[in-house]
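Order as written gives the chain letters A, B, C, D and E; numbering starts at 1 within each chain.
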Amino acid sequence: MFTADLPPITGPDVEYSLIAPILIITAAAVLGTLVEALVPRTRRFGVQAAVAVVGVLAAIGDTIWVYQSLDAVKGGGHSGRGQISTEGALSVDGPGVVTWLLLLVFALLSFLLFAERRLEGGLSAFTGRAADAPGSAGEAEATAARIEHTEVFPLASFALLGMMVFATANDLLTMFVALEVLSLPLYLMCGLARRRRLLSQEAALKYFLLGAFSSVFFLYGVALAYGYAGSFELGRIAVAVSSRTGSDTLLLASIALMAVGLLFKISAVPFHSWTPDVYQGAPTPVTAFMAAGTKTAAFVALLRVFFVAFGGATWDWRPTIWVIAVVTMFLGALVSIAQTDVKRMLAYSSIAHAGFLLVGFAGAYVGTTDRISSVSSVLFYLTVYGIATIGAFAIVTLIRDAGGEATHLSRWAGLGKASPFLAGSFALFMLSFAGIPLTSGFIGKWAVFSAAWSGGYWPLVVIGVLMSAVAAYFYVRVIVLMFFTDPVGDGPTIAVPSVLTTTVIAATAAATVFLGLVPGPMLDLAQHAGTFVR
Amino acid sequence: MTAFWILAPIMVLAALGLVLARKAVHAALCLAIVMISLAVLYAAQGAPFLFAVQIIVYTGAIMMLFLFVLMLVGVETSDSLVETIKGQRLMATVVGLLFGIVGVLVIGQAVTGAVTGLDEANANGNPYGIAKLLFGPYVLAFELTSALLITAAVGAMVLAHRERLVPRRSQADISRDRMREYAETGRHPGNPPTPGVFARHNAVDTPALLPDGRPMPESVSASLVARGQVRDGFDDDVDDIAKAIEPPPHAGWPFDQEGDDQ
Amino acid sequence: MILTVMAAVPLLGALAITLMPRGQSSATAVKVVAVAASVLTLVLSLAMMADYDVGRGGYQLTEKHVWIEQFGVHYALGVNGIGVTLILLTTVLTPIVLLAAWDDRLPTSRSVNSYLAWMLVLEGLAIGVFSATDAFLFYVLFEATLVPIYFLIGSYGGPQRTYAAVKFLIYNLVGGLLMLASIVGLYVVTSRQGDATYLIGDLSNLDVSTTTERLLFLGFMAAFAIKAPLWPFHTWLPDAAASSTPSTQVLMVSVIDKIGTFGMLRWCLELFPGASDWASPVVITLAVISIIYGALLAIGQDDLRRLIAFTSVSHFGFIILGIFAFTSTSTAGSTLYMFNHGLSTAALFLVTGIMIARRGSASIQDFGGVQKIAPILSGVLLVAGLSSLSLPGLAPFVSEFMVLAGTFSRSIPAAAVATLGIVLAALYILLMYQRTMTGPLKEGTEGVHDLKPVEVASLAPALVLIVGLGFYPQPLLNVINPAVDEIVSHVGVGDPAPKTPTGLAQQTEGGEH
Amino acid sequence: MTEYITLSMILFTIGAVGVLVRRNAIVVFMCVELMLNATNLALVAFSRQHGNLDGQVAAFFVMVVAAAEVVVGLAIIVSIYRTRRTTTVDEASLLKL
Amino acid sequence: MLELAWLLVAVPLVSGLGLLVWGKEGDRVGHLIGTAASSFSFIVGLICFFQILGRDEGDRSYSKSLFTWIEAGPFHVDMAYTFDQLSGLFVLLITGVGTLIHVYSIGYMEHDARRRRFFAYLNIFIASMLTLVLASDYLVLFLGWEGVGLASYLLIGFWQHKDSAAAAATKAFVVNRVGDVGMALAIMLMFAQFGTTAISEVNVSVNAASTSTATALGLLLLLGACGKSAQVPLQSWLLDAMEGPTPVSALIHAATMVTAGVYLVVRSNGVFDASEAARNAVIAVGLVTLLAGAWIGCAKDDIKKALAGSTMSQIGYMMLAAGLGPAGYAFAIFHLITHGFFKANLFLGAGSIMHGMDDDVEMRHYGALRAAMPVTFITFLFGYLAIIGFPGFSGFFSKDKIIETAFGHSFWVGLGALVGAGVTGFYMTRMMMMTFFSEKRWKEDVHPHESPKVMTYPLIALGALSLLGGAMMLGGWITDFLEPVVGHAEHEELAIPAWLLSVLITLVVAVGVALSYVLYSREPIAAETPADESVSFFSRAGRHELYGNELNEAVVVRPTRHLTRFLVFLDGKGVDGFVTGLADRLGDASQLLRKPQTGFVRSYALSIFGGSLVVVLALLAARLA
């Protein structure tokens, strides 16, 4: 009855070509869900994997196209490349598209690991039927029937979708929804390990509870930001911040609470405590995906929120980030020394790397076109960190004993002799993590440190290098274990992977060396991406 | 404003109830109170649409889901009052108090500026305004929620759904099988009597007695049989027990026995 | 181009060795390839000497390509006299070391392929380090040298090898990372002034505030002081030396540790002359402490390898002392000392390595009277030892005296205390010689037979050079002097003039002469 | 206005404390829901203050998100319950140190 | 020939190195080649010497630069030699006595399997010593200086299988190194002060420098001289050095090397002329050593050690003379040369005795050897007469002059020198008595016999030189000859005439001789050394070398050892301990910090909640601050 009186609601204006990579991934995910329903079980796994991988590949291609056309769509008035699309929900800008590219590449590598089926005798690393209690007859039955949860592919695709939107969200509401879109599938996938399912379920529960808890903080921060600025859009908030319209304390509380949610996702101290438990418990391919993808997406989102929305309050948040960076580096590096489990150790290393990334962030250096800025340094660091992390976790999947992956460090003794190339690759990743020159990790460290120093924080650089020395200690210990120590007893077996995992390891190792020797193109990409579009 | 001042204490108390109630169901009910009160506040704040959604979705659907799961895992479960993590409760209280105080003082008091009110925004009705935003700036988020819902559905399926691998065996199937087995191997389709039936003792190691007085070894657990711990359950046991109860005929005092040993 | 080729040859040799089959049957072929690669490098280095114009000074044989444009990093090589000297040291020592490693008994199941390959890698990297004229490239190669040594110690060393390898790596990494901070700082500083650059030519005219310069200097110095090793950052060296094979010891102490002193000379002094001058009192003090402390500790050692390691601490003290005295004499002396110390320590490590291998113990107490059954061995040990205690007529003396003489004109107390080191040097070498070689033959020492021809062949070049350069160091000094003069004038402190120059005296005395 | 935000803050804090002190995973999760509700209250209140409906839309989204989250969360809790026959979060502490 | 004077050094050097490298095949001819090289140098030296003799008095110094040794910045050292009057005399002494000792060694070392090596070392010594005296630059001099130290080290420790020999060699080298510190610092000071280290230029330039510089330079050089010449306080190595083969003791530790200190002082006359303080220090050192050496010589029963004490004492005389300035330089050199003759004679004689006594050095096992070894006895007697200053023998002239000049300087110095002469008479007579006279105290199965001719001929030659060496003083030839080098000295008139002083000296010596004769002929000499407790303090102290070793042990060695031990401890626990401790602390911290990772999700939530509180507060604080 009111219809006639109301003005019509005009349809939204969506730049489909710009956000096509997101749409492609969405399509792949939805298609995957349909495959789950329609394709017979025997062929489902292959089809699912193919859909996911093809979707990602298509998205990669499209992302490259989008990146190249960014200049064309550049509007006047802002310094960055790209534009805000979809009614202000997404900002398809240089850093954002580069992040898409990174996320897609990480996802591609991780999906290859997801699809690996040779290690478990023709079954994937995911449990056959999650509803069965571990060790129950049902579980054995499911294993015997060789059923698999092929849903991980659409789930992972949804997570990827969430990550991509998270990194490019231009309003806080979209960001929050994207945060949940990326988190929920990960919560689920953490609990799907085939082996050590008790740990896996526990990891899922912990990740879920803490994730939900921290995202509420983020949300409250969003609410306060809305209360401060009256809008969720980053650009509008930035205007409010620079014009100092609202109450400062409201702004500060908003910054703080949003930081909590974002720092949780990148596992910065003191919001890191979920990381080791979840990384250890989750199925290793998922850990790889999570470690590389979540951190990348969350970090870019963090940069976006802080540089775009709160750029006017830099002097308020920089000291705190400074301290968090130091504490994170310190704790991550230090505690990893005492770890005896490879996955936990990599988790703590991931915490330490969050600290190093924060160093680049704390520099808050905008830079000029020909100089390394905080954004470009962090993008580069994320690239090298993500690649090496996926490679390292890929190797973790191969070192096995009767109980599945042999993640206890003592089982890695003498690996260098048993399989020099595998151990050599792992050593390479460790050296890259440690920041030894001629590996990509070194260039990454250099980049974030130079961003910090350019921003005027040279003491942070000094602390950073000292912390890298501490961190190096445990990377070096792993090398000692693999190459200088003789195996205890039989030593673990090294499973022969299919071409999928082999490809991942080879590609990541090659990229680690390549980016160490010839970082120019990637740096160019990161630097050319320019600044965030407001 | 009146509604607020009535509802606010109720909500706080209910929230405290949620935290303090020992039984999960009580906690759930407390939460429901908060939610319904909130709905009222939404209405008071010019958000009729949310009022409805809060009641329907939150209180209706979500809380029901909670209660449903509570039923599933045991409605009677209640937390023990002993805190197992040292200092957790103290620290939680301290941090909570500080956070609350800071929040209330710094944030709550910081909200300044005139209240614009929603009259203008709600000019075409609250749902219209919301719809305009939903299909405007927030269309992407709106579409994203579909991904969320699919994820939730798939997730629930993955974790809770047991795919049936073998055809379901009905009672008819079972009885048919039993009879066939009886025909082929002679295995009795009925249950064997439990140990101790008609026997002198009803202990698990005593076989049941058949009506004809014969013991039935199958009634005793196979593992006891394997270990040879089965009593025969016949009258000679009585003598044994009598011996155990009564002292032996020429038993002396304990110290005499010692002397005898020498 | 020749510098690149020279660095590439050993690396390619290493690659070839890695690809060769492992095991006993191919061991000899592997060794031949390794030695051939190193000899080819030596020949190339001689060709480089021929190409190098001694009189011209400055950086020669340069090449430059953009490497990482965004950082202003170039692949830039070039050598001055100092670089030439140290490259020569590297190329001379590597064949010797590889020959000496011919019979090394490696821990079971370790392949000789990777052992020799790592050494060749080290040679290639060292040549790169000594010829890099881009600070970033230098840093990268500087840090990269850690990896081969780490594996050489960790895989092929003695019982404590793991501990020693980790200690070595972490210690050096700490220094290296502090230097990384300075490298980053250089980028920040140069990019603020225009285009970012790491080329030494651009950096040496850097216009920075005093504080910044000092901070940057400290970062570089930290890395070099640990590498060199300067007291009190020396404690990694004895452990590393005691846990590695003789060949590793030589490459580590004679070649790679020189990067520390080389770096001070090339990077600290050229880039941060003001800060170097500012820090010189402290550095000189530490250097003098190193000299005395290293010598006293050498006296107190029972393990031959630790003893030599501590003598090196003492000798590095001299080198650093000479560098930071900023006189052309002492600096030239330091550069020459780097070369000479390389030779004499190589000889010492190799000959004691042979002793240790034959005796099965590195403890001095387990030796005695070896001279009787192994006269050539003992003779070689004595010559190497005498060169280590800087006996005039042997190469190290010339350099040590130049260091002291130069230092004396700058700081008498430093020179005076440092000179006491020569007494202690006599003590640690001769007591060691006395305990191991003289007296009645000790039980258990019978197995220490005399040197074999291949061992003599590997040691002879070093000994010949030690004696030859003792009497005629001028060819090397001619190469070194122009570079040193440039550096000293760059620091700008200048040589102290003689207080009573001869000419003056002659005038006043009215030609009594 | 202030009183709404204050109430929201109080509820949020109570919820957070609840997460810390309750051991039943379901109750913990309910406390998270309380926090979400508190946030919604703030959003709605701010919405009225600023005179636009963005806050209300946000609250609406939060409800949807909460619904999805509840499904996933309860599924996880149920699956743990199937294995361990308990919903106490303290029991799930195999992963540590 | 002068331009070929570098052959003096080169030939023995090449011969020495060649003999070392040459394998076993060289054993047959090694000694011959070595002797030939030494003889060659002697001949070249002789030719050169006569060439400069043939020149004008003012033009007798010949310098030649062979090549630039070191050049860097202002530091420039030429490998150059100067053949002048002073070095010429030394060349003759070194090569002459050296050649004789080479010849002697052919016999003495005949049965030693490593004789080739011995000759190689001797040749290296000759080369180094000639480098030392021919050097026209202090740094080149230092090259020779250390070269003779090395040769001395090698030769003292020649019988390495004896621990004592090896230890003595080490000690000699190390103590010399202490002196070298002075030497090295002196050269550095020259470089810093004058910009050159050429001897001639330094000696001139020092006049323009301040007295304190000259004093410092003088004292530093004196320290070097003390080390090399076994002067107090660096005397302790010389007696131990007697562990070496006797020809070595004769050549290096009596005739040539140990006098290098005297040579250095005389060579640096310009420096010492410029500083009276430095001269007085030289005198003091000389005087103290003179008396100390004599004292030790009186108490030792080991013939070589007794002679070594005597050597110390005689060098003390030379040092004393050198400290007297231009007046004494020539006499120092004169005494140095005569001492070279007679002390080499005495040592070789001692070697000959040991050769016949189965290498026994204990004089208490000798006695009445004059009949068994007539040639040795006669030549030894010549040496004896020369050293005690028997009129007509070489020592008479040289010592006489020194004591005379000492009295000219100061009565007390003269008196000291005079007393020393008396003591010399005492201990030398004691040696003669114990060795050749008194009764046989030979051990069983020892059959003393005369040495072969190859050993006795050098003895005869040296005996002759002991007698005739004084001829150089005829007409004051040596003072005149050396004057262009060491400068002119006005002869000071003493309060008493020179002849009276000579008589007085002779009387004092006679008293010493007589006292000794009486003491050692009155009652039979014990065949075993009396216990320390049964002898007087003087004997005891003398035997213990005036407790010099004990002093060194207490003042230098033990503190050094303690310091070393302490530093080893400090390095492990302190310097390294700090680092490893740091690593351990990090490990501890790591263990501690992993504790909060309890596995309880509620603890993690608490850290998030607490963390968010902290972040909120931090941001607020940052704004307020």
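The rule is short, and it goes like this: contacts are C-beta pairs under 8 Å (C-beta built on N, C-alpha and C of every residue); 3 or more make two chains touch, one makes a residue touch a chain.
Protein identities per chain, from UniProt: A = NADH-quinone oxidoreductase subunit N; B = NADH-quinone oxidoreductase subunit J; C = NADH-quinone oxidoreductase subunit M; D = NADH-quinone oxidoreductase subunit K; E = NADH-quinone oxidoreductase subunit L.
In this text the structure is predicted, and so the values were computed from the model without any measurement.
Common neighbours of chain D and chain E under the contact definition above: A, B.
The most centrally placed chain, judged by C-alpha centroids, is C.
Chain centres here are means of the Cα atoms, and by that rule the chain farthest away from chain D is E. The chain with its CA mean position farthest from that of chain B is E. Chain B and chain E have CA centres that are 100 Å apart.
A straight line joining the Cα centres of chain A and chain B is 35 Å long. Averaging Cα coordinates per chain places chain C and chain D 65 Å apart. If you average the Cα atoms of chain A and of chain D, the two centres end up 25 Å apart. Chain A has residues 130-131, 173, 177, 180, 184, 187-188, 191, 205-206, 209, 213, 224, 227, 248-249, 253, 276-277, 338, 473 in contact with two or more other chains. Residue numbers of chain E whose C-beta contacts span two or more other chains: 583, 594, 597-603, 605-606, 609-610, 612, 616, 620.
Those residues of chain D in touch with two or more other chains are numbered 5, 12, 15-16, 19-21, 23, 28-29, 45, 47, 49-50, 52, 54, 57, 61, 65, 68-69, 72, 75-77, 79, 89-90, 92-97. Across the whole structure, chains are in contact as follows: A-B, A-C, A-D, A-E, B-D, B-E, C-E, D-E.
Of all residues in chain E, those touching chain D in their complex are 594-595, 597-602, 605-606, 609. Of all residues in chain A, those touching chain E in their complex are 205-206, 209-210, 213-214, 217, 248-249, 252-253, 255-257, 259-260, 264, 269-271, 273-274, 276-277, 315-317, 319-320, 323-324, 331, 334-339, 470, 473. For chain E in complex with chain A, the touching residues are 583, 586-587, 589-591, 593-594, 596-597, 599, 601, 603-605, 607-608, 610-612, 614-616, 618-620, 622-623. Contact residues of chain E toward chain C in the complex are 20, 67-75, 79, 139, 142-143, 145-147, 150, 153, 157, 160-163, 165-167, 169-170, 173-174, 177-178, 180-181, 184-185, 187-189, 191-196, 200-201, 204-209, 213, 560, 563-565, 567-568, 571, 575-576, 578-579, 583. Residues 85, 88, 91-92, 95-96, 98-99, 102, 106 of chain B touch chain E in their complex.
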